[in-house]
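Each of the next two complexes has chain A plus one more chain, namely chain B in the first and chain C in the second.
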Partner chain A sequence: MYRRRGVYRRLGVYRRLVGAQVRSHSAYRASFAIDLATNALIPIIDLIAVLAMFQVTRTLGGFDIVQVLVMYALAATSFAIADLAVGNIERIRFYVRQGLLDAVLVRPLSALGQLLAVDFTIRRVARIAVVLVVLSLAVSRAGVDWTPGRVALIVIAPLSGAVFFSALFVGTATVAFWWIESGEFANAFTYGGRDFTSYPITVYSGFFRRVFAFSLGFAFVGYYPALTLLGMTDPLGLPSWAGWLSPLVSMAAAGVAGLVWRLGIRHYRSTGS
Partner chain B sequence: MSADAVIDARALRKEFIVRRSAGRFRRTRHAVAAVDGVDLRVERGELLGYIGPNGAGKSTTLKMLTGVLMPTGGEVRVCGLVPVTQRRRLAARIGVVFGQRSQLWWDLPLRDSFELARHVWQVPAADHAARLRPLRTQLDLDGFLDTPVRQLSLGQRMRGELTIALLHGPEVLFLDEPTIGLDVVSKQAVRAFLTDLRDRGDTTVVLTTHDLADIERLCRRLVVIDHGRVVHDGTLAALHERYGSRRRVVVELDEPLETAVKLPGVTQESSSADGRLITYSLDGSKTTAGALVARLAGLASLRDISVSEPEIEDVIARLYRAVAAPPPRSPSI
Partner chain C sequence: MRSDLATASRIPGVLRYPQITTIAALAAAGFRRYATYRQATAASIFTNSVFGFLRCYVLLAVAKSTASLTAGGYAQDQLATYCWASQGLLGMVMLWGWTELGDRIRTGDVVSDLMRPLHPVISYLAVDLGRAAHAATTRFVLPMVTGAIFFDLYDPRRIATYPLFVVSAALGVVVCFACRYLVNAAGFWLLDIRGIMMIWTFGTAVLTGLAFPLHFLPSGLVTALWVLTPFPSIMQAPLDVLVEHGSAPVQLGVIAGQAAWAAVLLGICWHVQRRAERRLVIQGG
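And now, the complex of A and B:
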């Protein structure tokens, strides 16, 4: 009981930190509107890229346009939620380089939680709105046979995919603790991962597919949940319930990311004086 | 470890890996010890000046004591806690002012930062108000409480930083160069505040500084480090004694002395105005100004006497020069 009150109170603190951030930025209202619009455009451009593929082919990796769009929309929703929640962790590079983490570490709060709260940018919410529209259109056109399980899955899959991408954001951004000039290293995995999951993994082959789809777990963000939703069999031979593995894969990824973060923070070097 | 030591560090060490280019493509890795075996015990209520030249390891030590940096070796407890592993519990019990790393919200009025701090440190509203009220008068904050932090002068901001560091009633206050860059008035305000805090005796204070006036006015105990090692730990007087700094006595006589004064510990430094103005330097361990004046009074009639205290600048400069000799140890790995 006491513990639960503590958790609520602590969440209240982070909410206030976010609020302070929003107030700090309210001076720049014009740029906020522009940012919101730009953010809505980004997933639309991605969507056009996927649709463009179908100008030259009727199937992609053995899937038609609606099926591919379900995969794309699941992955894009996952990414958009993760990007809103933890995408700003990529700014850790600047904090580490300039030693700004000092001020964060002397407060009695989680360092990760503070970093996410103080750089929180609500404008990314526009992306979620856009991809949710795409997801509902794709699912309604795909003629899903709605069982209670599938209804649950359409909610769980994007959330667990969001956890997966969040783990990826945190895990790769943490590299900055060891490698200050890490540059675009993290983006290669996060944005690269988003692009990878936008298509059925059957379009990739061999080593590349084994590493990204299975070793790193990207197949469980869009591809397998989509197959389970659509009631399709996997040409690669996994059972039809493989989509339900998605939360487990995400938990594992989150566990690894948490470990990497804890190691990283102990490697923090700060800067002179 | 004793219960009443608020800070207890044994053989504290921090190495940084530095890469140097060796040839066109090869780079070698060296471990450089920024802090090289520091032992430090601070009792409750002490005010400790932690001083040393640039790059001596002052900030690195402070960052290890506050849980920001993980020590490479040694043991450290602050308030009985291990700083990095119990960082959050420790943060609730210490206050930190790192001049260059503001705790204030840049774009918000100063008042808002204090309010946010109340929630971050989970201070009951009544306690918060009770602590803020005296700080507002002591640090004269009322004129700029509603000004966004980015518009504050450096002196105003530092007063804000001190306030936010104290609002949760910390047991230990760590200050990294609290007076650096401040104008004379702000420096005096900060110093007066810290003197008061010291005299109340319920907050332990550790401060690093380059400001000699800070040292003279505030620090009863000085720990001097250089190249990551403690080279002096004691009072300012002990430092003077150890580095042979001397008080000077200048006497003005009606007529020159017929015989020079010979007293153990007294050296005649100069004589001018036909021997009627003489400067002596005293070795404080062997004699006193009183003994010298008594002897002089027996030899001649004194017109004027002045005694000048040793200049702390001289002591510190001498100290830094003395310890500058050994090169930093940098074992290659």
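And now, the complex of A and C:
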């Protein structure tokens, strides 16, 4: 009974930390409005990059513009949700380098929870709003044959993709525990991963596709859920229900990321900083 | 704090021998400083290589799905060279991540820059050129080698392309430096430049030709972007010179445009710096 009360109290602390961040960011109304507008522009700029490809061609990797936009929108929604929830973990390399992580570790809350709550940036919700609009437009133009399963999938796929990207954010951020000057190393997998999943994986070939799409699991964020939604067959041979593997892949990724994080924190503590 | 004598000695048009050796020393210092960031350079090269693979596959797929097997006037080997060189140039011009002047404005350290005998724009430019020289040997060369191993790259047909590319890349560095300087100098008025930096980061991802070759867009729009904004002169221009997109006069015209933008932007930097100094309020005494 005491352990349950402790959990609620800790959750309350996180809620207050996040609430404080939200209040402080929205305190100055005008600059908060400008921040929201700037953040809303960001997914639009990414969208321009995808649309520019279709200025010179009608199909890409065997898929037309609407189908690619469904894949892009699923990937972008997953990434935007993960970026809001967990994106601040990238800052851990600054904390490690400046020795500020010790202050985080001394407190009675979990290190990961603190790092996420203290730098929470509410203005990123503008990105989620914009990509949701893109997703609904793309899905309505694609003419999806709606079954209860597909209605469930279009809710589940972005959420499980968000879990996948969150696991990726946390997992790649832990490299800062071992490699102090890691710089942009994690970006190759987080932002690179997002770019990867924005296009059909038939575009990629060989070793690169095998590693990113299947070993790391990026194909299950945008490509396979989109194929299942659209009712298309996979040129690479997986069954049409492969989109439903997305939650399993995400949970496996989350498990790996949690393990790597615990190893990293233990390594950081034990090196006597 | 400022005397007329100090101002006169900092006018850029009057470069004397002591100033030229100072500029050379600053450039050498910039080279050495960035040469010590070995791990960050390695991480950068890895990330740029991964993005090189990503962009290369997408651009090649675009070209393969057109009837003519070209896209935007680029053949497939030109597209491969384009995207690998763009990842290399990204590190060389340091498009993103430079907030040094903005940080110094915020903490007030910029005052010591203003008290030095060399104009801040010239001294920061000198350091940046040294940094770019180091990046040319590491952040440009290694992704290009990676691209050459895994993809068919384009061999320039004209021998003049090699020196022209060096000139064009150097001008791209200068144009990018001037843009970054202006973005940071907004800190003299705004103090917090994060919003502008975000707009810069995401705007340049598209407008410099990094996300896709600008020639994918309608030609009127491309011309407008090229003439009215400096962004294509940062990366699209050296990349077009390298893959010989257009004839030799077109290459020379592109370089002339870059030089014009470099001159205009450096002039704006100098002017902005003078205006900023007039209204400078030093924080924290």
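The rule is short, and it goes like this: the second predicted complex is superposed on the first by the 247 of 273 C-alpha atoms of A that agree within 3 Å, B and C clash if a C-alpha of one lies under 4 Å from a C-alpha of the other, contacts with A are read in each partner's own complex, and residues count from 1 in each chain.
The rule we apply is simple: a residue touches a chain if its C-beta (ideal position, glycine included) is under 8 Å from a C-beta of that chain, and two chains touch if they have at least 3 such contacts.
Everything quoted here is computed from the prediction, not taken from an experiment.
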item	value
Partner chain in contact with A:108 - chain B first, chain C second, else both or neither	first
Touched partner set for A:56, first chain B, second chain C, both or neither	second
Which of chain B and chain C A:241 touches, first, second, both or neither	neither
First (chain B), second (chain C), both or neither touched by A:12	first
Which of chain B and chain C A:146 touches, first, second, both or neither	neither
Touching partner for A:100 - first (chain B), second (chain C), both, neither	first
Chain B versus chain C as contact partner of A:178, first or second or both or neither	neither
Touch count on chain A, higher of chain B and chain C	C
Partner chain(s) touched by A:208 [first = chain B, second = chain C, both, neither]	second
In the complex with chain B, residue positions of chain A that touch it	9, 12-13, 16-17, 20, 23-25, 27, 99-103, 105-110, 266-270, 272-273
Residues on chain B engaged by chain A in the complex (per definition of touch)	16, 55, 58-60, 63, 66-70, 84, 87-89, 91-92, 94, 96, 98, 100-103, 105-108, 112, 116, 119-122, 176-177
Touching residues (chain side chain C, partner chain A) in the complex	37-40, 43-44, 46-47, 50-51, 53-55, 57-58, 61-63, 65-66, 71-72, 195, 198-199, 202-203, 205-206, 211-212, 216-218
Chain A residues touching chain C - in the complex, by the definition given at the top	31, 34-35, 38-39, 41-42, 45, 48-49, 52-53, 55-62, 179-185, 187-189, 192, 195-196, 199, 202-205, 208
